[in-house]
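Chain IDs A, B and C follow the sequence of writing; residue 1 opens each chain.
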Amino acid sequence: MTIAGDILLRVEHLTMRFGGLVAVDDLSFEARQGEITALIGPNGAGKTTVFNCITGFYKPSEGRIGLCHGDAAIWSELDALTDSGKRGITRGDSGLYLLERMPDYLVTQNARVARTFQNIRLFPGMTVLENLLVAQHNALMVASGYTLFGIFGLPSYHRAERASVEKARDWLNRVGLIHRADDPAGDLPYGDQRRLEIARAMCTDPVLLCLDEPAAGLNPRESAQLNELLMSIGNEHGISILLIEHDMSVVMEISDHVVVLDYGIKISDGAPDVVRNDPKVIAAYLGVPDHEVEKVGAEIGL
Amino acid sequence: MEVFLQQLINGITLGSIYGLIAIGYTMVFGIIGMVNFAHGDVFMVAAFVALVAFLILTTWLGISSIAVALFIVLIVAMLFTSLVNWIIERLAYRPLRGSFRLAPLISAIGMSIFLSNFVQVSQGPRNKAIPPMVQGDFVLVTHNDYAVTLSFKQLIIWGVTAVLLVCFWYLVAKTRLGRAQRACEQDQRMAALVGVNVDQTISLTFVIAAALAAVAGTMYLMYYGVVSFSDGFVPGVKAFTAAVLGGIGSLPGAVIGGLLIGLIETMWSAYFSIDYKDVAAFSVLAITLIFLPQGLFGRPDVEKV
Amino acid sequence: MTEGAANQRIDTVAALRDAAITTLLAFGLFLPLIGFHTVTNIRNELELDTRWPLLFSIVAVVGVARLAYSFLLAPWLERIKLRPMATTTPAWRATFGKWFVPFCIGFVIVYPAIIIAATGFGGALKWVDNFGIQILIYVMLGWGLNIVVGLAGLLDLGYVAFYAVGAYAYALLAKEFGFSFWILLPLAGVMSSFWGILLGFPVLRLRGDYLAIVTLAFGEIIRIVLVNWVDVTNGYAGISGIPRPSFFGIPFNANDDGFAATFGLEFSPIYRTIFLYYLILALALLTAFVTVRLRRLPVGRAWEALREDEIACRSLGINTTHTKLTAFGMGAMFAGFAGSFFAARQGFISPESFTFLESATILAIVVLGGMGSQIGVAIAAIAMIGGTEIMRELDFLKQIFGESFDPTQYRMLLFGFAMVIIMVLRPRGLISTRAPSVFLKEPKPVPVDLVKQGHG
């Protein structure tokens, strides 16, 4: 059984170097089951890079990223798993995965981590519905007998496809895009595209949803809708969210836990109001050294 | 050892020709990101123009000084080929700039088919052979009756290539045009905003590419003394290989890639199998692209997520 | 009114100037290679001829054409642009769209009968063979390559290699072991598919034009091997005497156990041709049918998604390596089928039939048709292949241009020219919408501007 509050994702000593540039430097943090964890920091702090390491797009230079399905007791096997050289283990319903060892598509397929992108990546020439069906590729692939049954049009595949369309319809209802189901995704306005990308990620049945600046470019009304959507994803489905966001109102309102990065280094970690008042965070955002924070803060009326 | 030395000389000669063509591929790819498929055929057209010019000079005007004739042939071929490539760019590529990615490629392939068939139809399908333009050679080493020679032809090719590369390097590294080119490579819209005439820069790039191909075509005609309408494709692909090997977009890379391909080809023919010499070049192409897609001197193409 | 007139006058001056410049450029362009003609004389020396009349007439034609463009074509194009675009498709278009495909299929099925009715047994052979079979081979190849290029967005310039593998597989196995066409057809498909996957594997990481060039290199390598591996392939000379397919065991010959005798008909080569026609028609329709099915299956959608955005695909848990390889393998398989059909039809194959030009032609058909659109590919194949075949038939031009005029010479010239022109006029191909593979309420065609072309 999963219990809210158990650790879901554990990032340990994560370091990512690009040539001489250290984009992420010895970062450790945890994300808990059913919670919304926000990852914030100034531009170029390395947030997207952390996402790319978690989702397998980049291979970290150093560090370990563990993810647990089901019973948190399985965490006790983390060191044994690391030594075994395997990518993951499963014990009954529970599983433990080392994400840094997995290629990107397996992170989604096996470890069930889904993500969105900072610069939206939909399939613009496919319809909204098709986008959501592509997200259910692996399940449908099995149902189509790896294409064999599908080619001969067996009824079992048709049933599976109808179920997928129903699931897509559900999500379209939830994100309010049902009336655009048959339109090309590239035709949607920006805010709708953002929501579609989230719906698409949700169609992969993730345990952890990683959102890279989902509120960027949204107007206040859309932003409020997004907050609701994210809260409901967390509450109704018990899905944990890892969130990169610049919009502090979003972060403070919906997140349970905030991690702050600056130049790849973690400078603060804790509940939203703790982080908000952390002088180091303020310094990082204002771009001034620690000891000048009060002075500058007073000047701008903080 | 002597065989090796001789092949080295032959390989460098062949490589110079490939290098000159390769620069055209690399420049065009650098500036508009397109593989100019017709470039090999532009080279072939240049060789034919050189042929016609040479015949006019020698059989009609009776010019007996080979140096003068060669010089005039070179100039005529460069001018005319530049005109051809300029028109090709205007007609076949410019309307497609910024549109569908495959369209310029197909257009270039169509242009390549058109050019080779145009020459076939207008000049006939047979090989065109001319009497040797330049004869004589230096004997460098003789060993057990095997003489390593450096022919005057080869020397001319080396010399002309070297001189032109210096001029060309000056053009792209030191002049306004070169700066405009590099600006367009980075970002065409930005370049246009800061006052670079993008259309003109791209046109000039095609003109320079053609001029160098014309030199290569003239040298090819002089070296082999024979040319046919189908001679564009294979040297074209090999020169493209050279450009890729050197790192597409990199000018010194194109030259060094050309030399390497020339050497690989001659060495392969000498030591392994002449029948499979094209396989050598194509394999180099495939292997480079697979294991070293950025080439020897190219910038790595990072996939940012 | 006066303003319009002023515009008109300025236009005339500009048009004349443009025409003059164009004429000058054309003169420069055509002077060396049309004005002069290199001919080999009896002593085997190269000599120079001049062709001034030809040069001047061509230059004049170009000049006049440019004038015509300025005065007639350009204003007309301008007017078309100004005309408001219809926002809804008229009803007849919808009906037309619905009946178009069934009509076409019906037509190609009765095509041999129509031809025989029109030209009799003797004349029909050419029309069924050159126009029917020849075009259908390219339609099938186009549909096969369409899977790779049009759906998966992987640019393949070496497609003809798989066609060659299929053809040689059939030729060698049929000659060596005497296997029948029906056994070798799937076998050739499997072998081509295997080669497709084998060659696909190392190049999957490559993107865009690089992929195109490596596939070109592979295609050429295979061709060079076919040329040089004389022990097996007989090199340039090719393989002849390849067993022809039989009508389910009954050979098409003049013997007593032949097709004509068995069915009590008078012997004629047309029966075999008609049989081959329906064979390639069936194969082509199979290709189309499978592709249509695949597009609605997860693999097909994954192919299209791959073309749209590979990184997004990976983020959705799609194994892009497998997806690309299935596209390569599937495309190669159909090329293998077509190849073995080709060998069986010709009875003779040589490396000449598998040059880069073939790959380029097939790719051109796919792109000209409108990537991913099967109808477009079929139309493009008919236009390009039928068009070049028609060139063989234009003997009446001899009456205009004199006896020495050989229209077939100009086939490839015009072919290349047409490729350029069509691309310039319709860079997105003939059919510029994409049909969605699934819909909730009604299928709305996706305008092709939104559809990505893949980068691999």
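Just so it is clear, a residue touches a chain if its C-beta (ideal position, glycine included) is under 8 Å from a C-beta of that chain, and two chains touch if they have at least 3 such contacts.
Quick caveat, the model's predicted, so the values are computed rather than measured.
Enquirer: Whose Cα centre is nearest the centre of all Cα atoms in view?
Expert: C
Enquirer: For this structure, which two chains share the highest number of contact pairs?
Expert: Greatest count of contact pairs is found between chains B-C.
Enquirer: How big is the gap, in whole Å, between where the Cα atoms of chain B centre and where those of chain C centre?
Expert: So the centroids are 30 Å from each other.
Enquirer: Roughly how far is chain A from chain B, centre to centre by C-alpha average, rounded to an integer in Å?
Expert: The answer is 50 Å.
Enquirer: I'd like the Å distance between the centres of chain A and chain C, where a centre is the mean of that chain's Cα atoms.
Expert: Comparing mean C-alpha positions, chain C is 46 Å from chain A.
Enquirer: Among all residues of chain C, which ones touch two or more of the remaining chains?
Expert: 311
Enquirer: What are the residue numbers in chain A that touch two or more other chains?
Expert: In chain A, residues 57, 117 touch at least two other chains, as defined above.
Enquirer: Note the residues in chain B that touch 2 or more other chains, in rising order.
Expert: 305, in rising order.
Enquirer: Can you name the residues of chain C that touch chain B in the complex?
Expert: Where chain C meets chain B, its residues are 25, 28-29, 32-34, 36-40, 45-48, 149, 155, 202-203, 205-210, 212-214, 216-218, 220-221, 224-225, 227-228, 311, 356-357, 360, 363-364, 367-368, 371, 409-410, 412-413, 415-420, 423-424, 427-428, 453, 455.
Enquirer: Under the stated contact criterion, what part of chain C meets chain A in this complex?
Expert: Where chain C meets chain A, its residues are 290, 293-294, 296-299, 301-302, 304-305, 307-309, 311-320, 326, 434, 436-444, 446-448, 450-452.
Enquirer: Considering only the defined contacts, which chain B positions touch chain C in the complex?
Expert: 29, 34-35, 45, 48-49, 51-53, 55-56, 59-60, 80, 83-84, 87, 91-92, 95-96, 99-107, 109-115, 117-124, 126, 128-131, 233, 237, 240-241, 244, 273, 275-276, 278-279, 282-283, 285-286, 289-290, 293, 301, 303, 305
Enquirer: Residues of chain A touching chain C in their complex?
Expert: 55, 57, 104-109, 114-115, 117, 121-127, 129-130, 133-138, 140-141, 144, 147, 150-151, 153, 157, 161, 165, 169, 178, 181-184, 186-187, 200-201, 204
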